[in-house]
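Handing you this structure, nothing more for now.
Labels A, B, C, D, E, F, G and H are assigned to the chains in the order they are written; within every chain, residues are numbered from 1.
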């Protein structure tokens, strides 16, 4: 029996198609999945795709674009219709950039134009404070941080938007792997902070889309 | 110096006042805080308040109402203005009821009317399926579950709303304390599920408010 | 003294021979073990065998067949007698395929014909529901899932067979390594779900054999 | 809306009714649930019920029987039909008796007659060896152990039946809470050992029922 | 042999006497220790002393003063000489007050006059910012916080003093017990933050004393 | 079937009788066990026995002696023959005394006379150094410590005896429960340190007996 | 938007510039950051820089010096002014040398001259005792240790200086990764020990600088 | 200052020289250490030495012998005097052989002749039972096991010798890394089992030497 069983009804049910998690699928599985998408001329987004696997896929599906930093592989058979709604994506440090980009690429894939603000973490608060007026115009804020993951707490105390916190696996020692940032975000003393799995930039973008479709319907 | 330093500007900044976490504050601290609120005739919500401490507070602040199951203590000096936006609060099992009620009481405190659906967990899927049309009318869904915390994954695959998953400390053995449900919700294969800390019904309600204020502004 | 001490009485005692765990044995140890099996013309199954070690073994024991996805290496000196009893092996996602195949190969090694159903996880429930009539004809169900491991709970609420849940190490962030799926399966609100170690597809097959020998004796 | 939503179709679907988890439900919730069962004259089993709550329930539902060691509360409006199939329930130590009894009471509730063998752990192997012939007549073995949880490995190497291992929270230091026994059972070098959550005697019994209904249909 | 073996040379070696950890000593042990101190007319500080044990000790050593919030018990046979050096003790929330007071009482016991600033956590940053000029006059800052423990990161980015971070066991869910705050403080992106064990207000005070003795010698 | 199945051959096989773990056995179970010992006039040692249960047992078995600090309950129908071999039992702090006494009582129960040295931990090294000549005359050293568990490393670098390290659950914050001391002892940079479970003073004594029987046979 | 947002005001606020964490930044990010520093002729310190990335940077910024053991990369456009204050850096074992050097290089980068004492761990106490007089002349002590991390406890009981403990990831088994050493240092029975994240030699140096600037101002 | 500070007095104090832990030392450090040993013509044992580093050392110190399975590197300038005392080293599975050999090589290095019994784990008990008479002649037993680590419990119930249990990192899923085996051994229901860190075969040998020197002095 085939190892592939794509949920092509997902876009109709949920408003976005099935996203393909690339990290632990084999080349053969990914090729077989992309064949199904190509046959239907359906846009495809693969996340967490390692560079060596991307190289092989680009050989067979040269219509795709691979972002080596974000580890996303996107094939657009048809450009997504532009959507209303602005997501601000903020990161604590430069090293969080891959996850910022994963979120931003996912939003772009679905027709949204994100605003990205890198490296405005709590160790130098003035950097965040300088951006507050711009951030306040966003519909949703995605806040990406590694190490101690304090940025969502500070942002959540200053701005009233829905805030989606994404811990990253950036850090070492007890921070390594992102659990410290995750637990800090879940424990935030700022109220109503929403949290995603470690390094789940794509999921944060999809959650933002769930919110914006309601907001801007 | 006083041990109390209330952030009275929070309502203006964020759209909801400072909520009082009751579990680890002393009676003397809570009384002093409530005096500040009473002086300003500001509505107060205490969460995670143990029954024995509630009894003492009710003696001094009989204008409050204590819900022993939800462990919330609410003083309304002025009824909150009714707000638009409907939150559906769903629970996997009967034992999750305290957290459902914490979320519902928080929403009511802020002027929203939640719809609660108890005990419609995945071990008997037909119970959930029977409620899908009603749930689809909600603006935001709060999904509360203990044990293996599978309910948000199933709901997230069927409905397109923003979904806020709240793990509870209901369960025993490896489920005890709620970490299994928390990690399962963070790892959900359903896309765009937002997660709160264990037993944080109040935070889920405030996150829903952040979303609805944007949606229904 | 020899580092090898094979339990050749196991088949008589338990109904299946000693299975060889390959991951942490050296090439020299594996060759020495296979020599013992070859001398007795006894069928051999090595599990968790890395590709580079398989290449070496195939040089010396070309009568074996290596499945690189399942990481099983099987030598059949005599084809196993066909056995009664049907095991359905279900997986939540495509990335779980290696463990599905490990279970299936083990069953085939012992004379059973498994039915495999890939990629029918809870994020798109209709895929599972479409297979329920077929699944209901099985004697035992092996349910393989990574990430939040919710599939056994849903299956366990719908079908009455013995259900053996196998968590996989598929996922990232807090799911990485399979502990979240394992703990979710152990905490299942569905009753009577049996659980194996992470990625233990072979063990699930052997447990199914223990059950079917009683059932179909 | 009611906090209770009983799955009365479960017996038809799965062969056993919904079991009531008592530990984290309130008296009011349990009374309301038992009212529903009484109205339908349906047999009820509550597990993990604390003594103080049992005392209150016995006042309102004196037709029930509470086993304080097993913490089970059973109401039989109609005696369960006797079923074929024998389960042997073995324990490593005397302190594991509550979980042995939870399993045995669940089996009796459903019409099975279990055989219980207490205190035959691996520190004095002759005790187990003396029981092997009796144990070999059973259809399924439930093996209950705390501390290092070694008993299922030894039993699994000697007997060919389906073996359901139940770790208990008996022990102290690193054994406290049962995680060491759980992980040891999951890691067993004996093949095909099935594992339940810590202290889940009831679940082990239901899993055995799933097996025996197939075996003895 | 006696169970008590006091290190009376510690004050000479380190500049402060042996502090008595009260939580896990028996009444008999504590009485015997205080007898030794009384005989030498040496000032004594017991930390983490439960209220019920304090009551008994006050009967035999009425010269002591018990602070039930800080759980410190102090006997001053001779008032400590006033020392130079100012420690600012800051807390994120009101519920952290016991640990603030443990630190402050320890400092006072040794002749220092601490400045305490309660409840100026990151969810309302203006409260901290209002105190910056005062805090900048301190020689050492002790920063006490529970939940996500973000306050030291923010303080450490704004002020140049030695900063001693003390996580508290205030919080629930994944914050419970203080490990999240501890790990967040250890992972701080602010440079040069020093960290103590959870709830170790006394140790923070002694570390500050080690610093100030050098600074103000 | 009886819940009790005593291994009366253990003394002959191993040189010491079955020790009774009291913490998680019921009064009824303990009484039944002690009846078996009394009938055979066999000496009995119960460990980890809570005070309230000891009170009941003393009513029925007044020939026993309960040590409330060590939580041991000992019945000597016949005084143990005096044995050769001296065990030094050392503790880091006064609060470790219960475990020192559990070890010492176990040794005395079996006919050995231990030497106990309390409160000679590493924070005041001279206390240990003063005892080195006495300690060097012992056959085996049991080193008991909580908190960071550093004492065995220091002793192991100075003395050549077999060293049995016993971590205790004394401490708070990350030390709470004894895991930090346990892991520190297992990781000791001093060579050849043997480690027991947390708070297992009795096991340390029995291990010492295994050693001394060989040494002094 | 640029991924780089350097906090050039940090030196003025805190007394030391922004240190660049190299481990999880890309070559492109690091080059871009160093361009900013070069443009301002500002000294730069990169920590945790892997050798392969250092090689590339040395090509473009040959004015830097890479220490492969410490994994630091330092560019001095202007030699730091010599500062008063002596830090003793002590290590338990030879394998801790990389972290000793990271601390020492950071101190040198900022104008301090550290004294380093390698391999004087607790398994051979005389090595430490021989250095006590020299160590007593230091203003601050940084104590670096892996395995069980006992050295800070012993040093803290003998010397009165501020002591900054740095656990390292040196060790195997339960010591692997450094958590055992970290937790042991946090739980130290010696009073007033300050602790850094695992392997954070640079942070320890910066904390020492915070102390010395106050001490030697 | 030199990074090397060898404790040459250790042999005199403890009866065995300083053993060199090779895993996390650099080639330069190891060469420098071996130079010191060569200069004194002192026998050297390096443990946990990776193959690539051994190759380099063999170039400069060809008098050494490297065992790639055990990862030990031994230089004997003088053959160790033969010692009395027999250690039996037992392993549960073939994959544990590296740790058996590490223990055996350490014993041989110090003049003892170990007896090794591989692959006699609990899944086929008869293999152990066949060796009991031989094992009973040993002075000390070292029992090495991975996976669930049950072997020491069974051995400890049958034989009266001092038993040193060594968990190995053999296994997968929850067994991976050896923590399950470690915790199972610490929790053993067999009395008086002594435990070492994961994979610490060398330490087990040195502990055995501490015992045998007393026994056979």
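Just so we're on the same page, a residue touches a chain if its C-beta (ideal position, glycine included) is under 8 Å from a C-beta of that chain, and two chains touch if they have at least 3 such contacts.
Note that the structure is a prediction, hence the values are computed from the model and not measured.
Any chain bridging chain A and chain D, meaning touching each of them, is among B, C; the list is complete. If you match contact pairs by residue number, over half of those in G-H turn up again in just one of D-H, B-C or D-F, and that pair is D-F. The angle of the rotation superposing chain B on chain G, based on CA atoms and rounded to the nearest 5, is 180 degrees.
The chain with its Cα centre farthest from the Cα centre of chain H is B. In terms of their C-alpha centroids, the spacing between chain A and chain F amounts to 55 Å. Chain F and chain H have Cα centroids separated by 27 Å. Mean C-alpha position of chain C lies 44 Å from that of chain F.
Of all residues in chain B, those touching 2 or more other chains are 10, 93, 123-124, 157-158, 171, 173-175, 179, 182, 186-187, 191, 197-198, listed in ascending order.
Contact between chains, per the stated criterion, is found for A-B, A-C, A-E, A-G, B-C, B-D, B-E, C-D, C-H, D-F, D-H, E-F, E-G, F-G, F-H, G-H. Those residues of chain G lying in contact with chain E across their complex are 10, 13-16, 19, 139-140, 157-164, 182, 186-187, 191-198, 202-203, 205-211, 213-215.
Residue ranges on chain B touching chain E, taken from their complex, read 1-7, 9-10, 18, 21, 23-26, 29, 33, 48, 169, 178-179, 182, 197-200.
Chain contact summary for the complex, chain D toward chain F: residues 69, 93-95, 97, 115-120, 123-124, 126-127, 146, 170-176. Residues of chain C touching chain B in their complex: 92-93, 121-125, 147-150, 153-154, 156-158, 171, 173-175, 179-181, 183-191.
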